[in-house]
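In what comes next, chain A is part of two complexes: it sits with chain B in the first one and with chain C in the second one.
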Partner chain A sequence: MTPRRRRRAGLAFVAPAAAFLAAVIVFPLGHAFWTSLHRVRGLNATFVGLGNYVRIFGDDAFWHSLGVSFAFTASAVVLHLAIGLALALVVNELRVGRTALRILFLTPWMVAPAVGATIWLWLLEPQFGVVNYLLRVAGIIPSPVAWLGEPATAFASVVAVDVWRGVPFVMLLMLAGLQTIPVEQYEAAAIDGARAWTRFRYVTWPNLRYLVVVATTLDLINTIRHYDIIGVMTGGGPAGATEVLPVLIYNTAFRGNRLGEAAAIGVALLAIVLVLAIVYVRAARLDDDKAAR
Partner chain B sequence: MPFHVARPAVAALAAAVAMTFSALVAAQQPIVLQWQTANLTESQYEPIWKQTIAEFEAANPGIKVEPVLVARKDHWTKFVAASQARKAPCIVSVDLTTAAYNGYLMPLDKYWNAEPAEFRKAWSDAMLSSAKWKGQLYGLPIWGGTYAEIYNRDLVVKAGLDPAKPPKTFDEYLAWGRKLTGSDQWATAVLGGKTDTTTRVLLMWIWANGGEAFNADMSEATFAKNPKSLEAIKFYLGFAGKGGIAAPAPTTTNYLEQTNLYAQGKIATMRNAYWAVAKVVGDNPAMAGKSFVAAPPANVPNAPTLATVTASSISSSCANPDAAWKFIKFDAGRKWAVARAKVANWMPLRNDLADDPEIKADPMLLQYVQIGQNARSYPLPHPVWAEIAANDIVDAVQKALLAPDKTDEIFRDLDARLTKKLRDI
Partner chain C sequence: MTRTSPARTALLWTVTIVVAVVMIFPFYWMLNTSLKPSAEVFASPPTFVSSQWSLDAYRSLFATRSIGRYFVNSLIVALGATALSVVLAALAAYGLTRFFPRGATTFVMFLLFTKMLPETLLIIPYFQLMSDVGLLNTHLALILAYSSFALPFSVWMLIGFFRSIPREIDEAARMDGASVLQAFVRVILPLARPGLVAVALFTFLIAWNSYVWALVLTTDASMFVLSVGIANMVGEYRVQWNELMAAAVIAALPVMVLYSLLERHLVSAITAGAVKG
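Coming up: the complex of A and B.
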């Protein structure tokens, strides 16, 4: 086969995958960007160039939402990692019931986010919810708390539910990482008289460091795009206290009927995710280089 | 004939047979009409719409009606998303002006004008005008609801108040409210949840104080600009908070939460339409016959209340508008209008039903009809209404509930924001 024919054959093999990716990724992205350049009112669209970008960047609601997004993502990711790592360490030490516990901890991750959010919505209901009932019976709160009715508690509630759902993923990653650490390293540390904390600091952590970077980046990318939990539980309220960017996009597009502006916010969110993705790729490459050395 | 010569002919023949066969199959398939309204998910209405569909399908064997069940709060957004995809349900009841402006609905004049005068005279011109946009008819008004104040008789009597003399002014209402508030029980609920019901009730308080939320041609918002409006807003939102007469968590209280609280005896009054009474009894049958209704308290004479008008429309993406109109006509019939009024408490909008013996036999419905004689039609007729009613106005209410001392500033900002949007069409 001549090199030219070989190249053609290669292209022919790649073409179906390229066409599929173009259809499901390139076209929607291109369409979203094209929409962001239009003033869309229902089924009518007028080209406005960068007008929608000027409008959203001049709107306090966008910057407020960006701040809420960063606060929500940072809180959720830190908690996912801290709790996920702690649970992974505990489960990894177990000799009995490890599989059962792993399945148990994975349950929230298996529940559809909207379903989980709806369950929590009712658990946190101020008058008839189980959470308030239990807290009142235990004497912890004197009167019902409107968990989703006040900005601070609403924010804490959606973060808590996101942590409930997001921890299993991180735990699973960490557990996989822990199981790849050679036992000999722990044995050597034990011979040197290292205690639990020292073993963690000098054996576990260095082995997990790369995985933590990967998990953090993946979790950041995943969490900053979250819509479902907040969309179901608060819709971004009260008074915008939980209106992260994906919720703002939804509210602008479908409640506000301004698809062009919503698409512009979507493109801005994409830019943020892209930066995080570059960080992730670089981290992965660094590790590959280390491994090669 | 050699096979290689005959092959194209055989292929063409096979294609023709396949196309004929698929056309025959398609011709035998019934037309499927999707039907989406916000109230299909309400249990009190369920037996009626099921019966309506069953009888319609029996009378029209070639047409199937498929109800689209959507939670009330997601009704509009689902419709918009489906409309954008040109896949909206054929028959819909949505904010008519906004939907028509955005090109989501089909004008119905062609169908309406083709109907006999006998059918058309059941709707007054005033009623039809609420379903028009730029002179074209976009919906057939089917049912409505006048808003009034609903009281729990037992709780009123228990508080030492006289159900025969409900409060007529704001001050009297507040005095009643204080007596109706006790341990783990409140007089009422302030609505601040993210649906347009929040806006409906707010508008009523504004109108009852002689205020206006907008100027006459709806090119300017006057929530803060009009002192009477701002006074009413502060009075109403002041029910919430510590020492107030309203149930906690107003920023998450919508129609569903409000009716739940009332059904459980947690609140003694609620501002709502007649259908809320049916919902309460459905939630808690022990509440049957325990409610009474009165005109909303007002500080000015002849203050209007609010009356919703729900019209059935045909979406612009509907492939079978003739069949859709057939169903709308069927659903608008006397039989169903009376059934909706009796069982689900949805008020009929046909003017030929005012003297119907079955309608007249319901004293509370009659009272609602009487209160509704001085009512303003809702939704308000502006292309951005669906957007601002469930978003901007609700956001301002939530902010004011969370920071009452900033109410003036919040509603001044709202005026500026809304005025910009009202003019940006």
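Coming up: the complex of A and C.
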């Protein structure tokens, strides 16, 4: 084939997806920027320049929500990582049942977050919920707690549910990573008489470090954008205690009917995610020579 | 690996089982509640097993609510999004790896970028545009929305699969007189089947589990998908928890079955990107 015909054949393969992505991603994204520069009322849009941005940055609700987002994301990601890694180390040592366990552990992650959140609403129900019952029987709480009724417990609850949902994914990545570590390295360490901690410190950790960085950034990006769990469990309440940025965007757009402001907050969230994405790309070193391999 | 003592093995298993119980308990409670008669749902102390278990809650769920309709809606949009994004992704990934190997890398960066867009930012223009063109409350709107974020990831995964198929195979097929398209359909696609299965499954699960898009793009109760229908039941004045948990079982079960059947495909697809880098 001549180079020109090759190019044409190639374009014919790529064009449908490219056109589709232009229509369903690039254009809507451009439209979101456009909306963020307008005040939208029904079908009328008035150009307000950076007015929406000035307004959200001058609004305590935005800074409060940003703080909630950081607190939520940081707590959830640290717990995902710590528990996921610990669990992977444990499961990796088991001789039998690894596949069955992997399926079992991954269930919270496979099921729709909105559905998982609904199940937890029932578990945490103040009067008849099983969580209150179990904690009272165990003597941990003296009387039933309205978990989602108070700011502090509501925040802790949504973090706990997110941890329940997010740990399996990190565990899966870590387990895959652990299985790529050459057995010879452990044998060599064993011959040197290395104990469990020393083996972890000098064999497991150096091999896993890169994956931990990648998993952390991926998890940060996914958690800071996530709407469903908090959207279903609290809708951002009580008193804004769980109103992370995605929930604030939804509430501003579809409860407050202020699409322009919501789009501006969305752009700010995108900026935060992009900073994290740059860290991710650096960490994953997705440069030409490696990707071409 | 070092030899493990029985005490150590027992400890490892204890930790594993305790964590597994915590992870799985919510699902047990969902199933348990869904099988209880209404009176027992509010029993104090709650019952962990019951002689009264029956399918009554499921019967009244189907009799009094449009759960069947929600199920069909979820199925239509998930299958539609899967078909659309698998076809587009297979074509694009093949075209990129075979004809624009350098372009593929640039494209991958763009795909990664789209993968990071916050859903809640994109639903604003989606809501505006879909209402402009009269597509609110249609399956098509959801199929387009789900494909928009499934497609980049699908292309990304398939690029990996197509790269692992040697170009010599294409060339051999072309020598035998096959056109570019024939070589792709008859020779390459069958070889890439594990990748296509993984991508299809992944897209189906993403679409099936998705919530906020459907929440915004459907307002008519007859167009609700399962996740939205279920979350809506929570807002009712007096929640019938056994029926609500029965609905959750109906939403969760297909996912669990699909996943346990095709676990290998899926796990390798999920981990490939991150582990290999």
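Here is the rule we go by: the second predicted complex is superposed on the first by the 270 of 293 C-alpha atoms of A that agree within 3 Å, B and C clash if a C-alpha of one lies under 4 Å from a C-alpha of the other, contacts with A are read in each partner's own complex, and residues count from 1 in each chain.
In this text, contacts are C-beta pairs under 8 Å (C-beta built on N, C-alpha and C of every residue); 3 or more make two chains touch, one makes a residue touch a chain.
Being a predicted model, the structure only gives us computed values, none of them experimental.
Judged by the number of chain A residues each one touches, C leads among chain B and chain C.
Shared-chain residue A:A152: touches no atom of chain B or chain C. When the two complexes are overlaid on their common chain A, residue A:F128 makes contact with chain B and with chain C alike. When the two structures are aligned on the shared chain, A:F20 is found in touch with chain C, with no touch to chain B.
Once the two complexes are overlaid on the shared chain, A:G240 sits against chain B while remaining clear of chain C.
Contact with chain C, but none with chain B, is seen for A:L173 once the two complexes are overlaid on the shared chain. Touch criterion met: A:L11 reaches chain C, while chain B stays clear of it. When both complexes are overlaid on chain A, the residue A:A138 reaches neither chain B nor chain C. In the superposition on chain A, A:V273 makes contact with chain C only, while chain B stays out of contact range.
Once the two complexes are laid over each other on the shared chain, residue contacts for A:L94 go to chain C alone; chain B is not touched.
Once the two complexes are overlaid on chain A, the chain A residues touched by chain B in the first and by chain C in the second are 127-128, 250, 253-254, 259.
Residues of chain C touching chain A in their complex: 1-2, 4, 9, 12-13, 15-16, 19-20, 22-24, 26-27, 29-30, 33, 41-42, 44-46, 88-89, 91-92, 94-96, 98-102, 104-105, 108-109, 112-114, 116-129, 144-145, 147-148, 151-152, 155, 180, 184, 205, 208-212, 215-216, 226-228, 230-231, 234, 241, 244-245, 248, 251-252, 255-256, 259-260, 263, 267, 270-271, 274-275, 277.
Contacts from chain A toward chain B in the complex involve residues 41-44, 126-128, 143-144, 146, 148-151, 234-240, 250-251, 253-259. Residue ranges of chain A in contact with chain C, taken from their complex: 6-7, 9-14, 16-18, 20-21, 24-25, 27-29, 31-32, 35, 40, 87, 90-91, 93-94, 99, 101-108, 110-123, 125, 127-128, 130, 133, 137, 164, 167-169, 172-173, 176-177, 180, 183, 186, 190, 199, 210-211, 214-215, 218, 221, 225, 227-228, 231-232, 245-246, 249-250, 253-254, 259, 262-263, 266-267, 269-270, 273-274, 276-277, 281, 284-286, 288, 290-292. Contact residues of chain B toward chain A in the complex are 73, 76-77, 80-81, 83-84, 98-99, 101-104, 192, 194, 247-252, 260-261, 264, 266, 316, 384, 386-387, 390-391, 395, 398-399, 401-402, 425.
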